[in-house]
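Okay, so chain A shows up in both of these, paired with chain B first and chain C after.
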Partner chain A sequence: MKRCLSRMVLVTAAGVAGLSILFSSASPGKPSPATAQSSVRRLTEAQYRNVIADVFGRNVEVVGRFEPDLRVDGLAAVGSSAVSITPAGLEQYDAIARHIVAQVFSPDNRARLVGCAPGPGDPDGATCAATFIQQTGLRLFRRPLAPWEVRDDVAQTLGSARTLGSFDEGLAATLVGMLTSPSFLFRIDTPARTGPSGMVDGYSKASRLSFLLWNTTPDDALLAAAASGALDRPEGLQAQVDRMLASPRFTDGTRAFFDDFLQLSEIDHLSKDALIYPAFSTSVATATREQTLRTITDLLIDHRGDYRDLFTTRRFAMTRALGPIYDVPVSKPGWSIYEFPEGDPRVGIVTQASLLALHAHPGRTSPTLRGKAIREALLCQQIPAPPANVNFAVVQDVNNPTLKTTRQRLEAHLDDEECASCHKATDGIGLSLEQFDGAGQFRRTEHGIPIDVTGKFDKVAFDGVAKLGQLFHDSPRVSECLVSAVWRYGNGRNVQAGDQSAVDDLHRSFAAHGYRFVDLVRTIALDPAFYTMGAPAARSLTAARTAMSKGKAS
Partner chain B sequence: MGKGNLCPTLAVAMLGLTAGGTALAADAPTGGQPGTRAFVATGLFLSGGTDAKSDAPRSPGNFEVYLSMLPPAERAELSSPGKRRDLQKRMWDQFGFRRLSLWPGDFGGRSQVAKLPPDVKLHQKPTPEQLRAIAALNGFPKDRGSLAYQNQTIAYSSCTNPYDFPALAKGYVPYTGKVSYGMNLDGKVGAKDFTGPDGEKGIDNQLWRAIGAYKQSQEMNDPAVREKVMLSARAPMLIEVSGIDDTVNDPDVTVRVLTGADSLVRDGSGKPLARASFTLDPDPALVNVTHGRIVNGVLTTDPIDLRFVFREQIVDNTRLVRGAVIKATFTPDGNLDGGVFGYTTLTSFYDMIEQMTQDGADNVGMSCVGVRMAIDRFADGYRDPKTGRFTAISSAMKFHAVPAFVIDPAMRTANSNSSQMEAAR
Partner chain C sequence: MTNPISRRGFMLRGALGGASVAVGIPILDAFLDTNGTAFAATVGGGRLPVRFGTWFWGCGMIPERWVPQKAGADYDLPPQLAPIKAVQQHVCVLSGFDVMLDGKANLPHISGNTAVRTGESAEAWQGIKAPTFDVLISDAIGSGSYFRALDLSLDGNPQTSYSYRNGSSLNASVPSPLELYEKVFGSDFHDPNNADFKPDPKFMVRKSVLSGVGEQRRALLAKVGAADRARLDQYFTSVREMEDKLALQLQKPPPAQACLRPDAPVPVRGDITDIDVRKANHKLMTRLLGMALACNQTRVFNMNFDTAAAELRRAGDTTGYHQSTHEELVDRTLGYQPTVDKFALGSMEAWADFVQTLSEIPEGAGTLLDNMLVLAHSEVSLAKNHDVSGIPVMLAGRAGGRVKPGLHVKGSGEPVSRIGLTAQQVMGVPVDTWGAGAMRSNRAVDEILV
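For the complex of A and B:
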């Protein structure tokens, strides 16, 4: 078995390397050339886990380290088009796959997940192997296996079974190979053989749709729609999109987007000085991430609310672990919604501990990090990294006897004109959050000095984060950034010049529909441009839309 | 809030707010709504005095007592710490201590499983009649055999029946120091009373007189040890002060002493986590309501018969302190530090000692016999009119409490000093 697997791993590795050369295009920090749009995306860790749970059940554990996801311009979804798999990474995938397969073939699961075995009518198990490979391959590869693929895999299974003296071990080796195959680890778009040129085929549409809406592999109904050609017809596509939007799994997909958009996965690596912030622990950090995601889905999905209200909402998801951070009683076990009263400084998701703690130092706040994060994530702006030779001594001296507040220390730091240029962009926003310490806990003073939370946003002066939240709410740049981010998330690449008018249209539609996130995603999912193969030249987009319209009319 | 009894309607409204029904300003005082402060006691320890002399007499634990009874050769052989198990077996065999697990499993340490009559159901607490039947079936002495170890074992030992083993009180000495923490509960200055650390005369703390010479008591009286140990972590005491108009001076506040159903949690620095939420224990008998006053930042309550719980890994003891007064200071860092002073009933105190089990007493260096005889001897409060014996003993407990939220699903007014006073009338 070992020899067999080693050979498969090598073959797979070669395949992956080849694919990465062929398809990988986006590079961090560089605008992607319009001629090399990627149509291959590596599954993120979250997607991998979701797919395994969907195909084999939630009781099958996924254990192991994954190749790290890469963020490109803030989104791991865009970075997924830029990454390949290293040899070491492939070994990790192999180890993860073996552990999964061992569970699939365990006595507890085998009957449910494999379902057949060699018998009198199928003495060597060829029929059983073919059935299993076809059915499992469809879910894992998100497309039917070609006859030659099934033949090869069955032959390999039987050969391995003979060598290893066990049908199950032979089939298990094949399943390990499938789980380390590029067809599984990468979402590879296939061009449609019929219809308008430049479109992906039905199964690739199903895949795009499923990962956009649910962040996982297509379910049986969606695969059936792909097989029947329903996804190529507007009414068929619409039926599937509406079905998926109505599913509770859309909440999972929305969480996946905002987790990426707000870079909340970084919380997994967050640590705070326990002596300075004793109430902040690893479990609290985990809860802050969950809080933000639940707050978002409560507003956007459960209440179909206005996206902009995320910056003015006083409804925070709350759990006991977070009560000490927010200094509020939490009456119910589990999660519930806690509504802060008018006048309370907790307003909007930027005052949630997740973002406040994530964009702060282990032992002190950082208006600069907070301002930079908000500018980049929520306004889609680029803030350059500080030069290597910056002297941070004044800023870091939290016990400075004369410069008692962070604002005072930053102002002293800004005497350097070179520093001031960037800090002007970040600190105005960040300083308005200074009433929240590095763990996100409220405070009125710093070293006995009342904290000044005035600032300017878009040349408008404000006093306090509640006012800033209202400015965010009313700023078109905030909603434009979201639209752009959702578009990039769905397409796995940055917006190019040729895409801009479509993105602008999308924003107009978003505004016209009351800034409803569900409607935004629905519009993207129903847009034929979402199913094109490569860079959307205006011409091909128009052609695609025209073709779809004709299909609808017919 | 003005003077007088707690208005039920107001109290209902207040408790509803405390339960989180209404949102609070972020800078509202922790505890619920403005005018309320709530705390969770993170250490609640019997307190007294420390002998000035390091060679002050100490009461011996069971092992020391038993070793002193043995012939010199055997004493020498079993004295080393490595021989503890042999020493214990020898002692248990000699005194006829018994301990049997009621159910198969890990409970009761190395105990054998008891034979059970057919009507005893698995994991169901036996009735007194069933317990007698179990004892008889397993050869316990007549009328002997008590439930122990959270009702998981049946035992007969010097802890379940201390007066059966007077020999294990050999060498007992009371605390002989003159100074002790506490309060003058009876308003008198008697010959047996202590002097407080601040020079106050007439301090009533005979419980410390009784057990203060045990090494374990002295250790737990050490502030450094108290800081690290959280007592009753599984059912912490909650203290809620409401109706506060001024935290420095307020002539009338309402004080509820409650028991939490949630465990204490440590923060990242290892200290008790402040501002956590605690749901109340559903037992209405554990809700104690009284009034008090704040003078110069020090809260003093009216006396009340106070029930609270010590719940730890193997102990689940409901303590009753009669005529209890809480005197505590609101500290600048937002905590509440002080003590509970009153007459602890002998029954509720010894219940905890008994639950400690023979094994526990052996290992911490105490003697259940010594403690039982001492508290009976030094008891000084609430005389039983029928027997003429005291039923309680003056005591003092220190506590350190940090801010918390009290989640009260229902209004409860049991144990209120108002109702007690009405009942007395």
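For the complex of A and C:
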């Protein structure tokens, strides 16, 4: 049996031409898989939940399973321009909507959320229905309803009310329809009727802005700015952008980006062997996700810090559930910031349990999975799938009498040049994280042997993960990756040849202003290019490689 | 934008005019043999539908311990097939059918699976061009029942599904027995054997509302480019299908002999990746599925016992099934990987259990299984090196008398697409050639056809 297929096959598998290039990349300078511009994006699950909370209040629960989001080159935001809704998916949206609507019309909420009712001045409730439909529709559809839409919905409501013998049941049925409507479930751009051609209209602008900054539907002030035409004027747009960036809701929007960027939703499906990692549980897993997001917003928003410092920070958000994983005492309830001392191996977000546990096996670590995930998410590189015909037996025999540590076993793998080409890229990073076990807990030894945490990143040898964090901090690839990811997140598509210079400019400006995330987002939000109508073009996702592919590297 | 005469307006007037059942609802076609495809033997004057499903397991088998020597009936059962002994009379084994990669790379756990399902290997699920064959079959026979298809997984992850309309349209799974119960036997369930059927006006209203949603189609499609149009059109197709299923709720369902509304399942506690816990949950899920089929709630299903690149494990072991396939040393005395062998055996035990359960539900003169075709497959043969030649496939059931059960057919290197083609033809999909490149074939597996 061959130990490895040839390097040529590896390269072919990556869909990348040329022996020396192992990575395709979504970062500047390298071509990305084609994803054409789209003017229709499906709401992500997080967006749906946020919109419902905004329109009906946080006490209205959203219960049910959503059609899964699709990741294209790591981002669900890009996938949102490629997905539709399947029959089973629509059933789910319908069931979720009925559950929401039942709560809206419950005795507890009705007065606040519906308010009006048929009465002497409005015997069949037509006026009440019209008011409710217009007001709710504006927030749900992110645009005013056309007169015929209101007329049809009122007629529908009254007809249903007669059939069911109840005005409320009739209006509730109409609201379910609004929540299953394409105007709600998809963000559909409308071209501007006046002004420069190729731009979206004021309401579509408001929508883009709101989902970028807050990951939810526009609020009343933003809708008013859309209605008045203020968003079409630079000073009007700037006023809204600054207002929204100053709002605590920008923290929600930033969390949404990093949740997507770091693919933290995968933690929902994470399970660890309870016998091997007794300290790990579902609630711990949930807390690790929250920890990473809070650590990020503490630095980037609360302290307006330098993005690159995420890789060297010792300030970790901490909560009681995570105490056993980090072996630190947590006396305060809720969340607080815990600062690890100088010299402690916990440095930077790559040493947080979220990423460490997510990219490991249920019962042990995987330097390869960790290295691959970091390369792909934080450096925007793609690691090809392993060749089909590899014999791992010698390499990863955990009872091997001479190869006791994961490093020794993996390095045996590197004797083979064909395997080495990829493993050098992944393992050089992943092995430096070996002091963290499959649940993200610190350990000094494996099978009684001290763990060696030397590694190599971009031809630079280093010792220990703190040094790796510094190399990441200083690498332009790390900041370029973030810039292109934020751009792709905002635009819902990959960077294409014609966009490259704009993305390069964005990175220059990001660097010139101290790598402030808030400034990066502000620059995008103020750029007129962010509000152009997507030129419809044939979509080709054939080359897209995603986290949804079913195989996992060992 | 104007909308002078709406379909909804028409429906509404029907409702307001005092009709007890809404106007414009298509006649239930579930038991009308319009295309002569999806119906089996008659019983008590009614015809029995033929159902189709897939059963997926991960990481294949060890060929020398799985492939029978003898072709035809009464085939021998090598050690890994021993678990199916009690149901062998229902099961056809199709061995030696190959995936032709046509020069493409063998992407571990993806190439084989996409090839079996779409007749062409792809390097990522998003890269597939054609729908998977279960979707083609469900397009042909799925519309007459409440659920067009039931996609099921047991790992709590709805993304564990190998059913795709296209590369960006996954049919997500119901990932636990309890969720399946709520979906099928929850508040929308109509017991077909209930004597006093009264159409619930709520369904009429819901249908009418959806009809209004569907009316936006033309105006929206005119607004967007071609790729977006295709996506929105798919959404509107889903709307239409939901209208049709609500219409079904307004008609008295035909009686279903073996239909009994089951009790809510009590999920098995423990690590859902542990193979024993998985088998127990699979048993619960299978019983619910059997009743969903017997109650005519669906005609198409995909049951995923495990993921491709099997995630099954034994609680407490650092190394799971998938890792073992690559890392476990071949035992020199035994001549195979013993841990891998145990997991493969466990998968076959679950498959046997699945077939047994469906064969115990009476229907007409026979059983539910007699009126089904189940296609079981994995994504590789020998997982150790991701071999896609001789990918294991089995069939169960008689498909209403169209399939001869209990045979072993040796594929001898023929393309595995012949099996997908055969399944589609048995289920009445009008297709004479299927697959792409070297996998393109117009030859059914005649040996199993009546």
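As a working rule, the second predicted complex is superposed on the first by the 490 of 554 C-alpha atoms of A that agree within 3 Å, B and C clash if a C-alpha of one lies under 4 Å from a C-alpha of the other, contacts with A are read in each partner's own complex, and residues count from 1 in each chain.
We adopt the following convention: a residue touches a chain if its C-beta (ideal position, glycine included) is under 8 Å from a C-beta of that chain, and two chains touch if they have at least 3 such contacts.
Everything quoted here is computed from the prediction, not taken from an experiment.
Trainee: Determine, under the contact definition given at the top, whether A:275 touches first (chain B), second (chain C), both, or neither.
Mentor: both
Trainee: Go through the superposed model and pick first if A:324 touches only chain B, second if only chain C, both, or neither.
Mentor: first
Trainee: Identify the partner contact of A:190: answer first if only chain B is touched, second if only chain C is, both if each is, neither if none is.
Mentor: second
Trainee: Tell me which partner A:442 touches in the superposition: chain B (first), chain C (second), both or neither.
Mentor: A:442 contacts chain B only, not chain C.
Trainee: Should A:345 be classified as contacting the first partner (chain B), the second (chain C), both, or neither?
Mentor: first
Trainee: Counting touched residues of chain A, say whether chain B or chain C comes out ahead.
Mentor: With both complexes superposed on chain A, more residues of chain A are touched by C.
Trainee: Would you tell me the residues on chain A in contact with chain B in one complex that are also in contact with chain C in the other?
Mentor: Shared contact residues on chain A (touching chain B in one complex, chain C in the other): 274-275.
Trainee: Give the list of chain A residues in touch with chain C in this complex.
Mentor: 1, 9, 12-13, 15, 36, 38-40, 65, 67-68, 70, 72, 79, 82-91, 94, 146, 148, 152-153, 155-156, 159-160, 162-164, 169-170, 173-174, 176-177, 180-183, 185-186, 188, 190, 269, 271, 273-276, 361-364, 385-393, 395-398, 534-539, 541-546, 548-552, 554
Trainee: Inside the complex, what are the residues of chain A that reach chain B?
Mentor: 272, 274-275, 277-281, 314, 320, 323-324, 326-333, 338-341, 343-346, 442, 444
Trainee: Which residues of chain B touch chain A in the complex?
Mentor: Listed in rising order, the residues of chain B that touch chain A are 18-28, 30, 32, 262, 267-269, 271, 273-277, 279, 405-407.
Trainee: Going by the contact rule at the top, pick out the chain C residues touching chain A in the complex.
Mentor: It is residues 1-3, 6, 8-9, 12, 15-16, 105-111, 113, 123-127, 129, 147-149, 151, 155-159, 162, 165, 167-172, 175, 179, 201-202, 204-206, 208-210, 212-213, 215-216, 220, 223-228, 230-232, 234-239, 241-242, 271-273, 307-309, 311, 313, 315-320, 322-323, 326-330, 384-387 of chain C that touch chain A.
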